[in-house]
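You will see chain A twice below: alongside chain B first, and alongside chain C after that.
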Partner chain A sequence: MDINVKVKPNLQIRAFYLFFIIAGIQLGVGIIGAPKFIFVEAERDSWLAILIGFLFMCVVVGVMFFILNQYENADYFGIHVDLFGKWIGKFLGTLLIIYLGASFLSILMTYIQVIQIFLYHALPNWIITSLIMILVLYTVFGGIRVVVGVTFIFFIITLSLLTVLYDPLLRINMYNYLPMFQASFPELLRGAKATAYTFAGFEILMIIYPFVSNKRNAKLPVYLGLTFTTFLFILITMLSIGYFSAKGLKNIDWALLILVKSASFTFLERLDYIVVIVWLMVIIPNLVLLMWAMAYGMKRLYKIQQRKTHYLFTGIILIAVNYFQYGHQITKLTDFIAKTGFWIVYIYPLLLLPIVLVRKKLKSSGRSKPS
Partner chain B sequence: MRKLTIMIFSTMLFLSSCLPTLQLEDLGVITSQGVDMTEKDEIEITMSVLQFQANSTSPTTIVSGVGSTIKGAVEDAGQKVSQQLVPGKLELEIYSKEVAEKGIQPYLDTLRRDANIPDTLFLAVAEEKAKDIFHIKEEYISTNIGEFLHGLIQPGSEQRLFPGISINKFSTYINNEGIDPIAPIIGLREGTPVITGIALFKDDKMKGQLPIEFEHYFTLNEGTVREDLVEFELPMEPFTEYLPKGSGDEEKLKIVALIEEGNGKIKLKDKKALKFDTNIKIVLNLLEISRQYKLDDPKAIAQLEKEIEKQTKSQYEDILKYLKELNTDIFGYGMIYRTNKKGGKLTDKEWDEKYPNIDVTFNVKVDIVRHGTVNR
Partner chain C sequence: MWNRRKRSQSDQSDEVIFPLKIDELKNLLVETFVNSSSLNFTKYKINNKNVAVFFIDYQVEGAKLGPFLEPLLEFDSDKEFTYQTLLNGLPLSTGSTSNTLKDIQKKLISGEAFIYIEKEKQAISYPLTIKETRSPGKAETESLVLGPKIAFTESILKNMNIIRWQINSTDLVFEEFTVGKQAPREVRIAYMKSVANEDDVNTIRQRIKELDVDQIEGTIVLKQYLEDSQTNLFPQFDETELPDRFAYNVTRGKIGVLVDGSPTSFIAPATLFSFLESTEDLYMRWQAGSFLRILRFLAMFFSILVTPTYVAAATYQYAIIPSQLLVSIGQSRAAVPFPPIFEALLLEFLLELLREAGARLPTKVGQTMGIVGGIVIGQAAVEAGLTSNILIIVVAMSALSSFTTPSYLFGTTIRLIRFPLIILAGFLGLAGIVFGVSFLLIHLLRLTSLGRPYLVPIYPLRLADFNKVFFRTPFSYESKRAKSYRPKDLIRFNKKDAKQKRDIDE
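Moving on, here comes the complex of A and B:
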């Protein structure tokens, strides 16, 4: 297996699109329910907790860039094999793919649950899944450029959803924010940890990076993407805190959708239905990016055709969704993804860093000896 | 590839029929409903239902059902009509006074839990039985009852103020320590439903009521009031020097003005002694005055402002005294107290004990900026 990837010029993407890839994969189902989880920990100072999460995320992304720049054109799969040898490297790569698959499932299940609560109560999971998977398969068959294109277009379209938030903005109660700065530092850290599920997704950078054609300009769009997500996250969390009572917010599962419910126009009575449906456009970038990353990983590790992985995984998903019938199962799955995601996405690159550094030193000293 | 495309399209075609269809003709759209208690302690729901049938004479029918839960009662009512009852456009829920006094928390649950029920739903309390409001003769009102009731509430809802008390606002206030909700009371006057008063709640239980004339004292405190008519009745003596001679001899000077902008702010003055300041600011546009008055004289206007301030202040003091008796904190002093407290936490019990002892100074500032096209 090659450690560095040779990407054909017709498959490369411009660094500019990294903004949409990062923001697109971070904004998904997580943000619908996230205000509750952060508020439970950090109360009124949730925005501080999110900012701490953001700073930590920036450090992790900085480390990711550092690791990536040690190689010519490598990704997670190549770096693993380079550092740990063929067997352990491939094992770690497989774990990563399983994690991506599990987060795919959790995104899908959460969305299905939203549809079943808001729209069609009795619609079986597998029907919704089939309809969504048709879209996903159709996109990923187009290859990396179509995947990025879909992410870009859906991101632009769904931005308009934000305007719906004007109504709860007018109804917020300013006193809910006071007094500020009451949360203790451990509470803030726990709140920051609660952002892990929503912020997760930027690990895609370690997989998609070899496809970027102008790598020198890659940092800015990535950091901007992170900033944009953080801004949106703080906005929605603060709106929820202002709009709901403290006791109420702790019991609300889909804070964002309830926020949207209060808006209504004379020509459009129930905006929430539209938002629930349009939210599909928000999660499709999530799903296609994850699907692409998984299939690409399989190709890198085991030389399996991407198309075959797509079909296989779709089959697994279609079977797996039928086992999730209860709300608590989905909560459990999401909790599990949030917990493991915290280690895989946030902590793992930091652990990898010293290994990469040692390796680099060994290599350079090995190289300098003969000279 | 073509095979795949055909396959994809056919799956989309067939799978879409898995969605349950809802045809408008088969639906009864509930626009408003009233909740009563029967003698057997069961819930009785009276609904105004919109139906879309070509041969029916009236677009709405009134249906009622009895059950031990809200949903059960709706189900019971559903058996009396040929359509399926759907709550997707529920605009108003009215509770009978008896139900409101017992506490409406149990009825709010399904409203918040069921995602099909819109959050733009308003709450109100009936003067007596909620079903009486629905069983009126339609000749008295120009439209159907559901639309009519919603129209009563509508003006406030555009400003997000009373009487538009949405389900979310109400439940937020219940859960918030240090502020209690209000709701409009709807009653019948000569066979027509009107808003007759303000129901004062303590958490989810109705404790008392005030006539609707006091509306402004609450809306001013709730947020910024714009374009709202207000009436004052002032004693005549302070104005004698500004009244042209021989222009009548009523005992009271009656004034109608438009609030161009008005708002109230609460400040905590002394945390230990529980001293609060409420600063009310009202900008008025004079529209009607019962006697000729020297409005071209700035001093005369100042005198008018002073008297309105005095009266508003004493009204506020009376209202607060009554609220203290009921121990309901409608104005939200507890909320201000909480924000100034370390840790920002306040329990219901703690505030219940402290609230009757608070000391509030009302500072009312009235500005009459315009008085129409004529001076006298």
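Moving on, here comes the complex of A and C:
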């Protein structure tokens, strides 16, 4: 297996699109329910907790860039094999792929749950799944450029959903924000940890990076993407706190969807229905990026055709979704992903850093000796 | 047996048949030439030599025969009388010689007149072709309010002439190709040598050269052969019958293709948005041009989405309709015994029938049809309780919107897309519509035209091209050609000069 990847010019993407890839994969089902989880921990200072989460995330991305820059054109799979040898490296790569697959499933299941509760109570899981999988498969068969294109266009289209938030914004009760700065530091940290599931997804950077054509300009769009997500996250959380009372928010599962319920136009009402359905366009970028990353990883590790992985994984998903019939099962899955995700996405790169540094030193000293 | 004879003929036809006696030649031609009944074969005796003149009478222009025969019959008797001296002596240009049967037959059917002097090695021929064409008329399928009204005709020569006068530049290239094994046709690709992208020109050249078909039926058929994906619903090259639209695109770096005998041309590469452009946007003031372009763009979405949304809202998500509107929809639907999906499909089907009938019938009857269909049937359908009033408005709006598309081919595509969306909306409600629209978007993202992305200034994003695609700016801001097509020369004129401002009272 090659550690560095050679990417054909017609498959490369401009660094500019990294903004949409990062923001697109971070904004998904997490943000619908996240305000509650953070509010439970950090109360009225949730925005501080999110900011702490953002800073930590920036450090992690910085480390990721540092690791990537030690190599010519490598990704997570190549780096693993380079650092730990063939067997352990491939094992770690496989774990990463399994994690990606599990988060795919958790996103899908959460969305199916939302759809079933809001709109179609009796529609079986497998029908919704097969419809979504048709879209996902059709995209990933188009290759990386179509995947990025879908991320980009769907992101732009769904941005228009934000206009619906004007209505809760006008109805905010400012007293709900008072008193401020009451949360203790451990509470803030716990609040920051609660953002992990929503913010997760930027690990895709470690896989898609070799495809970026102008790597010098890659940092800015990535950080801007992180900033955008954070801004949106803070906006929605603060809106929820101002709109619902403190007591109310603790009992609301999908704060974002309840927020948009009150907006109405003279020709349109119940915008939450529309938001729930158009949210499909928000999760499709999530799903296609994860699906692409998985299949690409399988190709890198075991030289299995991407097409085959897609079919196989679709089969597994179609069977697996039928197992989840109750809300608590989905909550369990999501909690599990949130916990493991925290370690894989946020902590693991920090652990990898010293190993990369030591190896670099060994290599340079090894090189300098013969000369 | 017939097969064997044919094969032996073709073997024979490649050989040199001359020198021959006149009668032998005549027999040979009558035997082997399938069109021998219309062959005009005349013998003359000039300077003591037998001379044959032969041609197909309906392919040759009678008025041209006089200046062709006269100098031949009055040929100076002092000179040596051979095919070379004749070729030099006749006051006609573009004479050519041939000595195989195949060659002669090919030239005969394309309208050349032959002279053969007995016992010579070559026969001489002159093109006296007559080609029946109509003179250029007014555009029928793409009508314009402003701008030139002339449209392409069936004659490629006339078309090229019209384009030459539109783009009077030595830079314009008409490259010639012949397509079709059995019935060859002349195909020309037109592009600006210093502007058009070399790769695109090479791609289309290669596609035309590699095309292996017996014959093509015209431009639109050739277009389908050359497209990136033939199984696709969307047209991938832009067809037009307007020379000004053709010229506009060619000068902006695209490649135009003309086919002999076909009154339309097509332009490559195309994007989804180029089908919504009309040259009229250029002739308007920029504000009006932008307005019309955005209007057409909205009309496309409207036409696709409005009926499915009605079906979805009336079947499943009626909560999204405000209560006052819901009451009137409910009242008008009260008498209708069908589910909304059936109602909508019925009315859309009726409308498509009207449209198709209107297109097939002669113009005068067609107009009456429209009135009968629109007023009488619509009113009757409501009174009979087959459909609701509101649906008639919805369907009429979507039909009107689909008429705004300047390209007829693209308009048809939009007509077709509606039906699967209505069915999806009928089964899944709004989720079906969002699913369908997402599918369409992914589909469009996967499409290419001549290897270039189909959604080009949106993805890949090129903000600088937005003023050439989605709206219009004053011409002083359009100093560059669209970057999306990667022309060789991006600059049209100097931006600084165009923006130079004079001081007051100068």
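Quick notes on this structure:
Note that in this section the second predicted complex is superposed on the first by the 371 of 371 C-alpha atoms of A that agree within 3 Å, B and C clash if a C-alpha of one lies under 4 Å from a C-alpha of the other, contacts with A are read in each partner's own complex, and residues count from 1 in each chain.
Methods note: a contact is a pair of C-beta atoms (placed from the backbone, for glycine too) under 8 Å apart; a residue touches a chain by one contact, two chains touch by 3 or more.
Please read all numbers here as calculations on a predicted model, not as lab measurements.
Looking at the shared chain after the overlay, A:Ile258 reaches chain B, while chain C stays out of its contact range.
Residue contacts after overlaying the shared chain place A:Ile284 against chain C, while chain B stays out of touching range.
When both complexes are overlaid on chain A, the residue A:Tyr99 reaches neither chain B nor chain C. Of the two partner chains, chain C is the only one that A:Ile153 touches; chain B does not reach it. When both complexes are overlaid on chain A, the residue A:Ala246 reaches chain B alone and has no touch with chain C.
Applying the stated contact rule after C-alpha superposition, one finds that A:Arg14 touches chain C and leaves chain B untouched.
When both complexes are overlaid on chain A, the residue A:Ile117 reaches chain B alone and has no touch with chain C.
In the superposition on chain A, contact of A:Ile134 is made with both chain B and chain C.
Of the two partner chains placed by superposition, chain B and chain C are both touched by A:Glu269. The residues of chain A shared by its contacts with chain B and with chain C are 120, 131, 134, 138, 264, 269-270.
On chain C, the positions that touch chain A within their shared complex are 316-317, 319-323, 325, 428-431, 434-435, 438-439, 441-443, 445-446, 453, 455, 458-461. Put simply, chain A touches chain C in their complex at residues 14, 16, 115, 119-120, 131, 134-135, 138-139, 142, 145-146, 149-150, 152-154, 264, 266-271, 273-274, 277-278, 280-281, 284. Within the complex, the chain A residues that touch chain B are 43-44, 117-118, 120, 122-124, 127, 130-131, 134, 138, 170-171, 173, 175, 178-179, 182, 243-248, 257-258, 261-262, 264, 269-270, 272.
On the side of chain B, the complex with chain A involves touching residues 8, 11-12, 15, 18-20, 88-89, 115-116, 118-120, 160, 166, 168-169, 171-176, 332, 335-336, 338-344.
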